[in-house]
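Per-chain numbering from 1; labels A, B, C, D and E assigned in written order.
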């Protein structure tokens, strides 16, 4: 009896059952409504952009793993997230060849060189996005109006631009609410902003869907809710104060909150676990810092939008936050760093 | 190690310091000689090249002239001849044609661009009361984006005839120069922006707007100073 | 000072080696990672890179020769100060020379010409090689290192200009429709391009070590 | 943090504070899985024909055998005596004949001195009486000696000699005696049943403990999932004893000494210190019951209550099993599934996986949890740490397991100990439990601590030379 | 000029045109001492300090050179004065605070050949800043340098524990991080416009 060899493990012998690939998968689920909405509002173009971003991220991850003689880590789903996030931050008529390049840069420079998942100091998708912003500043600020007639069966010339060639913008281009405000002091209707009847990146337009996705993740404990809350609160409070000081110069807090990539960034990018602090208090500092930089860049900077830069800066600051803010260990006096 | 070096590592103190002094002075003399020689040797050519470069710019913004004279703005708001070396002063370059007639004036202005301070030169024709030319002296604007302000034909055509007419009492510009969004220019005093280089192109509009509001009334009222300087006594 | 002991003790190494080593095996940029500041700052176009490389090479050669010829005359205690003085002199000369050649080029290179003074490559060659070797050898060493530097800068400048401006030496190399990668002529592109070249070098070295 | 109360006095503010909180920071909520056995009364387990009794059942020096091969022994007879202060004696769990004295395997995988006893098949297995100790007349020292002589160690699982723990160091005072009835380990219901069925023994035990420690108040801490036990004990509190029963929220590792002190007293045990540093002594409830059961008769431990449960067991229950019963025999008796794959001694959080079934039940065995092959749905794939912070939120003493894990992998042991308080970790397993990347954090820490201890020992040795 | 407020000069030198990330100045120490947080902070402090002092010196020298009309001596006098200043600072610190000297000591000689220091002197002259403008510039440059160094150090410290591919270990990964930081700092462009 009982001839089988026993399985030996060290304690604890039970696990909560959450696993990293499961978290990653759920983040993908939480973003799917955004993908669907962006296809609904921007049509085939947005779909192609997102698919290309995902494909290039996954392919790059696979290729690099192979090249360096490791087994492929595609199955942990993190490359898929990077791809979707990258796709969601690009304009709907962004050329596919540039999108593909962005995916390669995201994974290669944003993740692989750092040692892969868990070591990437910066959000890979944002590294790719920042690269594209610097490389192709015109294409990445060429926006497209949403809910155009015929969007489901036509592909923009710009999207289909031949690799390495300059995209040609056909038809109308639209300004994002933020650039409209920055340059012409025109603010958009808050309801339009919240529900996504505006121009912008493929995934940033519908604040409501982003929040719903965030709530899903927060409830399933797969996202640190403190991060978006800290960022959004900071942006709201700061812009509210400024708005009170001079409501002609400074936009309303709700405009600040719902426009641009703030929601998407706060909910899906700043919350990237690898690049954010690990302690609850550290996370709040991180969120407040990002919110502050967003407001500074949007209000006083030369660019209409600063969420991407704010999060990358937050990522760079994270090691220091973790280093400086450590919880007091049980039974010890206040620890110094 | 050679014997020489071993010796030099343990020198006799007094002899060592003496040797040190000689060496330093010797090297100092050689260096000074080389520097002064190269400075003197290139000085003339550099000055010529620099002057040429500046003239080229001034000629560009004030069409039809063949020589210029530099003036600087004093604290009292008057213009006096200058050698153009003091960079803290606001400089203007009066342009004259072959017959020494005062044709217009190039005004230096600067302001905040996208990446750093932008320094520009724009030409003003007091006769027509318009801006007649524009040139970027110094810019660190993003290549391929912000630097369109130097290349974009549509943008540059803004400054072929930009109205800066003064009010009746000559105290200020009737319609200050303002930047507008690309394609929305309706009046001759508006500067049409560049799509994709909004910030930089607006910055130019603002710099000219600000500078012209201050400088144009002053220049217009002192037209005589420039006209009379055409044939200065000093030369 | 020991780094060059081997060269002193060994039977006189062929002078071609003094020259060749700087080009490839001990390339100042790709292998020794020296003089990064000008390497990155002015390599956004091939012409700037070339001009900067040549200017640096000139200063390197001249100061190496002078340091070498004065090597028995300069006391040890003040050698660094003397080297800096000598280097600064040649840099000033180069600065004026470039101004006299083209104001535009001087404007493009900006203060980085003056900053050749603090290029660690020059000081390190003066200290490590010229101060212990004959004039001939020092000149060859400087020539090799200088050309190695030019080569490295050119590699960087060429990639950055081709991708970032679709041209090389100002001559367009791609059809009109080519989309420039603006990032390549921005600072970030400088970092990325240098990283890319170093990556290639590392990869080559690792492969060779394995083989 | 409330300051420690003044010496020897009950500090009322402390109590008020803890009434509000009754818990500690962080912690986890593993599935309890107690409902299958917590209603089952304690039953006497059958006597195994062969008892294998290791001499190393406790922390400290192994007991010294005083019997010889071939000797016949009676149940309760002293077989081995304490080998020094940090040791306890071993008594015969059955009446039988000593077949041999040889090395026997223990759970750690090592071999230790042990006694094989062939159980007399038809013996009545009566326990022989010793010299009773009266809690009213005996001095504290006498009681401690009695506890040692009874072979009593912490029955919660640690098996630390109880008399050592109860010895109040010079200059320190014990105000609070805490009886630990938390049993926060999933699956285990041993303490739960003891509290329901052995209330009298517990209160007698408390009398001994009060005498031994000089405690002024006694708090019985019970987790909220054992309300029936709390009610039962509250009802039976003797009028002359300063006992309160305190129900605390269900949260792992509530039963850890330090956590319990914090929950009940609102104070933190200083790093590297013991509960006595905040004037408290914590004793497991089963240990207390055993003291109350054995000391009045001067007997020693022969058996203990063990919960046998888990999906791989047919006849789950709480059994009174003689110490030294071979594990294989136990599993045969309760009808373990044929394809058993994992067996833990103790609970699934801190218990030890058994590598072979030839080891025996020891005094510290609080439970046996058996999993069949089909009950294990564990993925062994270890992902890199994604710094999700789940472990930071779980660690009851606010360590940063993520950072510690990364440091352990790169062998940064000194940093771990000096900067990140590794030595405070008591390996409760909360971090590994929540880790989505399946990183064996506790294992890392155990190894690292071992290395650090070794290094420190070497250092001291060097310094002493 | 209106937009050349001290505040703007400071922001420009530290964030918009960060010395390290936009001008590539001080790359050698940036690559060299950014591996550890502690050294990075100290190096940053030392550089900032020396920058301010040499900025003041350079302002004086420039005025002198203009007075005697000898612009060709600019470079040589700057470098000599900076080298001398560093020596002097080293000696003063050694005397005044041996503790500070011990922690900063090894960095000070390195600073002499730090191109960022010389660049502060050269740039402030080229831009024609006033005395206080120069100070703001030097302070901004120093803060910018420190900021870049510290951010880099944080990321690199983490990398010590990461499984960085061998082929990019060392300079390559550091340059790539610098590139990413440089991209990040582009977010500040146009600040204050």
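Quick note on the criterion: a contact is a pair of C-beta atoms (placed from the backbone, for glycine too) under 8 Å apart; a residue touches a chain by one contact, two chains touch by 3 or more.
All of these numbers come straight from a predicted model, not from anything done at the bench.
Participant: Please give the intersection of the contact partners of chain A with those of chain D.
Facilitator: E
Participant: Identify the chain pair joined by the greatest number of C-beta pairs in contact.
Facilitator: A-D
Participant: Compared with chain A, which chain's mean CA position is the farthest off?
Facilitator: D
Participant: I'd like the most central chain, judged by C-alpha centroids against the all-protein C-alpha centroid.
Facilitator: Central chain: A.
Participant: Measuring between Cα centroids, what's the chain most distant from chain E?
Facilitator: D
Participant: How far is the middle of chain C from the middle of chain E, if each middle is the mean of its Cα atoms, in Å?
Facilitator: The separation of the two C-alpha centroids amounts to 22 Å.
Participant: Report, in whole Å, the distance between the mean C-alpha point of chain A and the mean C-alpha point of chain C.
Facilitator: Using C-alpha averages as centres, the distance is 41 Å.
Participant: Roughly how far is chain B from chain E, going centre to centre by Cα mean, in whole Å?
Facilitator: Averaging C-alpha atoms per chain gives centres 29 Å apart.
Participant: Just curious, how far off is chain D from chain B if you go by their C-alpha centres, in Å?
Facilitator: Here chain B and chain D have centroids separated by 85 Å.
Participant: Counting only residues that touch at least 2 other chains, which ones in chain D make the list?
Facilitator: 384
Participant: Residues of chain C touching 2+ other chains?
Facilitator: 81, 85, 88-89, 92, 96, 182-183, 186, 188-189, 192
Participant: Name the residues of chain A that each touch 2 or more other chains.
Facilitator: 109, 116, 118-119, 131, 134, 137, 302
Participant: Mind listing each pair of touching chains for me?
Facilitator: A-B, A-C, A-D, A-E, B-C, B-E, C-E, D-E
Participant: How about chain E: which of its residues touch chain B in the complex?
Facilitator: Interface residues on the chain E side: 1-4, 8, 12, 16-17, 72-73, 76, 128, 130, 189-190, 192-193.
Participant: Can you check the complex and tell me which residues of chain A touch chain B?
Facilitator: So the residues of chain A in touch with chain B come to 137-138, 141-142, 179, 183-184, 302.
Participant: Which of the residues in chain A come into contact with chain D in the complex?
Facilitator: 1-2, 4, 6-16, 18-23, 76, 116-119, 221, 224, 273-274, 276, 278-280, 283, 322, 326-332, 335
Participant: Using the touch definition up top, name the residues of chain B that touch chain E in the complex.
Facilitator: 31, 35-36, 38-39, 87-88, 110-117, 140, 142, 199, 203, 210
Participant: Write out the stretch or stretches of chain C touching chain E in their complex.
Facilitator: Against chain E, the touching part of chain C is residues 33-34, 36-41, 81, 84-85, 88-89, 91-92, 95-96, 110-111, 114-115, 117-120, 123, 183, 186-192, 194-195, 198-199, 202-203, 206.
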